[in-house]
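Heads up, the next two complexes both have chain A, just with different partners, chain B and then chain C.
Presenting the complex of A and B:
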């Protein structure tokens, strides 16, 4: 209990509250502007967190992302352009409602059910993370090896498009992670005589390149049509929301639970949670025929899902050091920089900091109500800021942010290279998230693999000898072979039907 | 630029094979069977297998063109936008240490504002204000040593 009080003291200082407020406004702004994503907001915040203590640094990121995911709903409803990919699933539905004169209802529901979903995710995070950490304390390199491999496997299989492309993207990330001498043998690999590459690629310039620069390039080569928000005024957004809550109890709960589960799976974030949730909502709805014609049910369910996914993605990140999505992949990098190495011991060594993170999550979600209301009211003005002005500013931010990591122009080059690679990958339907996870987890995978192999004296059977390691190993293999089994089953069914 | 499965498969297979061959030159760790080359070799093997898979798919669709240019490549102003973004970044990286942050950033921003069609009279105002704001945020608040270059004499 003493640690909880300490955590309150850490959070409720004018400085941390100021950081929370400023990052909330930043998150709302980034989320409301189409083309700027929550992941981009997080990547751009990394250099800003350098001078901060661990708690404000993490508070900054947690608040900005929660706000950005909600704010993504605003241009979705007003312009039919999702502010972030997490709002894409129900963007058409929301816009149809706005055209039907229900802008207040849809924007209010977006806000209220984002808060409900977000709080649900946070409650699950607060209750399960410490309990999981207790279990994780008993983990050895065998369990960690399988856990990382299972995480990476999920990232490949859940990523959109062909799994082979996800797999190639993952291997590319793992390859980048091998650069430098930070490996069990401390041998400089793929450095080509470059001193800067001795410690490998820095995560921040790679992230900024892949998530922010690639977006600026996409803007540069696309038709920029000025945004034309709807003319109608936005009145009382909270009116009738309680009624919706009572009417759609089950969808809200289902969306929150599903979002939490999907978020906690490595490599899947708020956007996938929203897509799956919208699909399920239609599937289980009593009135599926209303979907697509301006019906609130799917928006409520997937709006809750994307915000709950955001919080639960922190569970594997904090407990195992395995990111739940691209945002937590960046957060893990910041945790290491701040000396709060993620893993079960963080709950023993720095419990007050962890509790402080939990408090910030509650605070961010509660703060979303007044600030979200304000964001909706001012949305029309924010949407008027031309992207032709914003994009150059973001690009300069990318450059200075990459430079700030090591005060070296080399990192600006790294950012440029990875921005171009990410652009080319996306143009060829290779997903980016597996690359980032490969980069973040490559070192951990190799370290645990080599340690385990040495312990096992080269016998691979030892990887299945401990009960939890064995179960995780079998689960991983099952996911690997599931496409073969599914293919065989489909062929059999087709043959039987013929 | 979209590559078809045959080309992307061939490239991945080549990359994977080069990796596997290159890692054989890594020295073995003393007293250990697992040298520093093992993990990259496995990754190389994985890339090569993915490459084979794409090649297999690609060869079964022989009509697919090897390279399809994206729509924007045929539009001169978009090609110009793309070139300016890349050239601007290279320009920044090359000159910032000599010329200094203020001048480089102002030119960097002006070029982009001009390319993206911001009204001409706004460009100098925006470029100066954003440069000053960015310098204040990173140099003064975050203590990032942005280079002064030619303006070293007035450094604060």
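Presenting the complex of A and C:
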């Protein structure tokens, strides 16, 4: 207990609280600008932390990333530009809700359930970190392979009413993920001798092009009367959220649990958590037919999932110095610099410091409510801007955002090309979200499959030989074949009854 | 109408005088060929902040990732040689051209100094049956193709280094199977999860899992003991092998840098390397401190390049 009090003393100083506030504002800013990711926010903070003590240094990173992941929802909902890849899964749904005049509901839910998920992840981090980290260490390429396949299965769930076209879109995503040099054989594929293509297609420019630019093109070519700017502003964003919480108890819990697990695994992070959650949400929803037409349920579940993943990514990072995602990879470096070497001993050697970090996590998530409210209030002005003015500005954001990710004009070209492709796809009723999913998971699928086959000397049975891999494999196959089996069973029952 | 040549002349003179007399007059771009937050990036950011104080102008770190480092290295080489673009060059520069991925070599740069070197070390699970590296080699030889190793991509630096070590020791290089991994951390994870049997990599990369008691290091291929784990036997002690291939980082600029700017930058890099801040940073992170002056750095790159080429050719990785 003594350490806990020391920790409180470490955190509740004007300096640390000032750092938390400043980095929260910084995180909100970075997260809401498309093309600037939460990872980038953390990397930019590293030189700033050189001059700080351990607790404010870690506090500043934890706060900034939590804010950035939430803030990524704002441009996603208002402009259909996911602010960070973690918001891409439900960006479409959120934007549809805004178009239906439900901007306050969707932004409020994004905020409230980010906080709920975040707090859940922190509680798990505080209570079970060492035990969960041991489990995460049992994941080898065999387990990840099945996990990725489960994730890909979500493509079917996120393509409302047209699974065949969803599958085609997914395979297009998988195809473009094969471009480049960073594959298991380290052999340049589809690069046409271009050095730029050797790194393949980066997620951010593709994502910005497919979601945001395609929207701009659709606006530019449509002959309909332009959409009227939504007159009523965003008023009481918290109204009705408690009702949603009661109505969607299960999805919130499922999203938080799934996000925590996926986040704690070293190979996967907040973006994959959001995709899988969104897919599961539709699969288990009582009203799956509403998905894709502006339904809040999936947004609640995956909004909770990406924030809980963020906190649980710290579990392997703190316990074993293994990065749970790209953000914690940076944090680990800072931990070493500050003499808080990650490892099982971190809980013994400097307990007051680690408790202080936990307190900051709670603080950051609670601070999200007032600051997020302010951010939404500011951002709502976007809705008042006439579309004829807004669209060119979005285009500008698309260009700047895709340039900023790697300071490269090539990525701007990638963004433009994928904007056109997405426009053509949507004009022909192909969903674009599965393409993004394919690009996110394609590299992992190949890497884990090929390395598993190398390890198993080519025997496919090895995918079922390890306990966790076997269970995941059976679960995946059940998810795939249960509709077939159930259909057959029902027909048989009907035949027997007749 | 004589104003045009006149302005041009004035412009030239002012630029020339500014460049010669008081370099630097504007911010300097520091290119990093690897992603934000990685080891190379963090070393670059601390060096840049020290250079900034010495040179009196902002030194901005810009990550140019892609193509396994090709894109960023190319960005340094093709920048204007005016001292306003410098960058980090890493060990991969000695390998990429053998694979036909680029025409760049270490000789494409103006070297400004080697600032870090981490030798090859071999890591296994703590509960692995091998007593030492010799023991490990016996098992490897007795069961060709059974032991699986990881730590980098196919043909990555640690893969090539480990293969080179085997061929120096006259052990068939097909005695093991290489499982490509996206990073050394990913390889170590697979090691702990039981997916592979050993990982080749540096000590700072294995540090957290070694400290956590999940992984132990069998050997480090260097002439002196490791700064992090001085009790780990060196390659010379165990198998009598002197081996100089590992991961290194240095600072370079485009070719044909004006002499006075080159001298100014070389002095600044040396000063940054010697600074207490840099030395402390590297020790905290566990990165190997090694300095080589520009001429020695160039020579080292050349030898390593030839060596790597030989090994890569022997295992069919060259084009």
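Remarks
Throughout what follows, the second predicted complex is superposed on the first by the 276 of 498 C-alpha atoms of A that agree within 3 Å, B and C clash if a C-alpha of one lies under 4 Å from a C-alpha of the other, contacts with A are read in each partner's own complex, and residues count from 1 in each chain.
We adopt the following convention: a contact is a pair of C-beta atoms (placed from the backbone, for glycine too) under 8 Å apart; a residue touches a chain by one contact, two chains touch by 3 or more.
What you see is a predicted model, and the numbers here were worked out from it, not measured in a lab.
In the superposed model, A:167 makes contact with chain B only, not with chain C.
In the superposed pair of complexes, A:367 makes contact with neither chain B nor chain C. Legend: residue contacts after superposition of the two complexes on their common chain; A:51 is shown touching chain B, with no touch to chain C.
Once the two complexes are overlaid on the shared chain, A:184 sits against chain B and chain C alike.
Judged by the touch definition given at the top, the superposed model places A:396 against chain B, while chain C stays out of reach. With both structures placed on the common chain, the touch criterion links A:332 to chain C but leaves chain B unconnected. Contacts of A:222 after superposition: chain B is touched, whereas chain C is not reached. In the superposition on chain A, no contact is made by A:156 with either chain B or chain C. In the superposed model, A:198 lies in contact with chain C only, and not with chain B. When the two complexes are superposed on chain A, the residues of chain A that touch both chain B and chain C are 47, 50, 184-185, 407, 450, 454.
Considering their complex, residues 35-39, 41-42, 45-46, 49, 62-68, 70-71, 74, 99, 101-102, 145, 148, 150, 153-156, 177-182, 185-186, 188-190, 192-196, 207-209, 211-214, 281, 284-286 of chain C touch chain A. Put simply, chain A touches chain C in their complex at residues 39-40, 42-44, 46-47, 50, 137-143, 180-182, 184-186, 188, 195-196, 198-199, 202, 266-267, 319-323, 326-327, 329-330, 332-333, 336-337, 339, 341-345, 406-408, 447, 450-451, 454-455, 457, 466.
For chain B in complex with chain A, the touching residues are 1-3, 8, 12, 19, 26-27, 29, 32-36, 38-40, 43-44, 46-47, 50-51, 53-54, 70, 72, 78, 81-82, 84-86, 88-90, 92-93, 96-97, 105, 108-109, 112-113, 115-118, 126, 130-131, 134, 137-138, 141-146.
Chain contact summary for the complex, chain A toward chain B: residues 47-48, 50-51, 164, 167-168, 171-172, 174-175, 178, 183-185, 187, 189-190, 213, 216-217, 220-222, 224, 386-389, 391-393, 395-397, 399-400, 403-404, 407, 409, 412-413, 415-416, 420, 424, 427-428, 445-446, 449-450, 453-454, 458.
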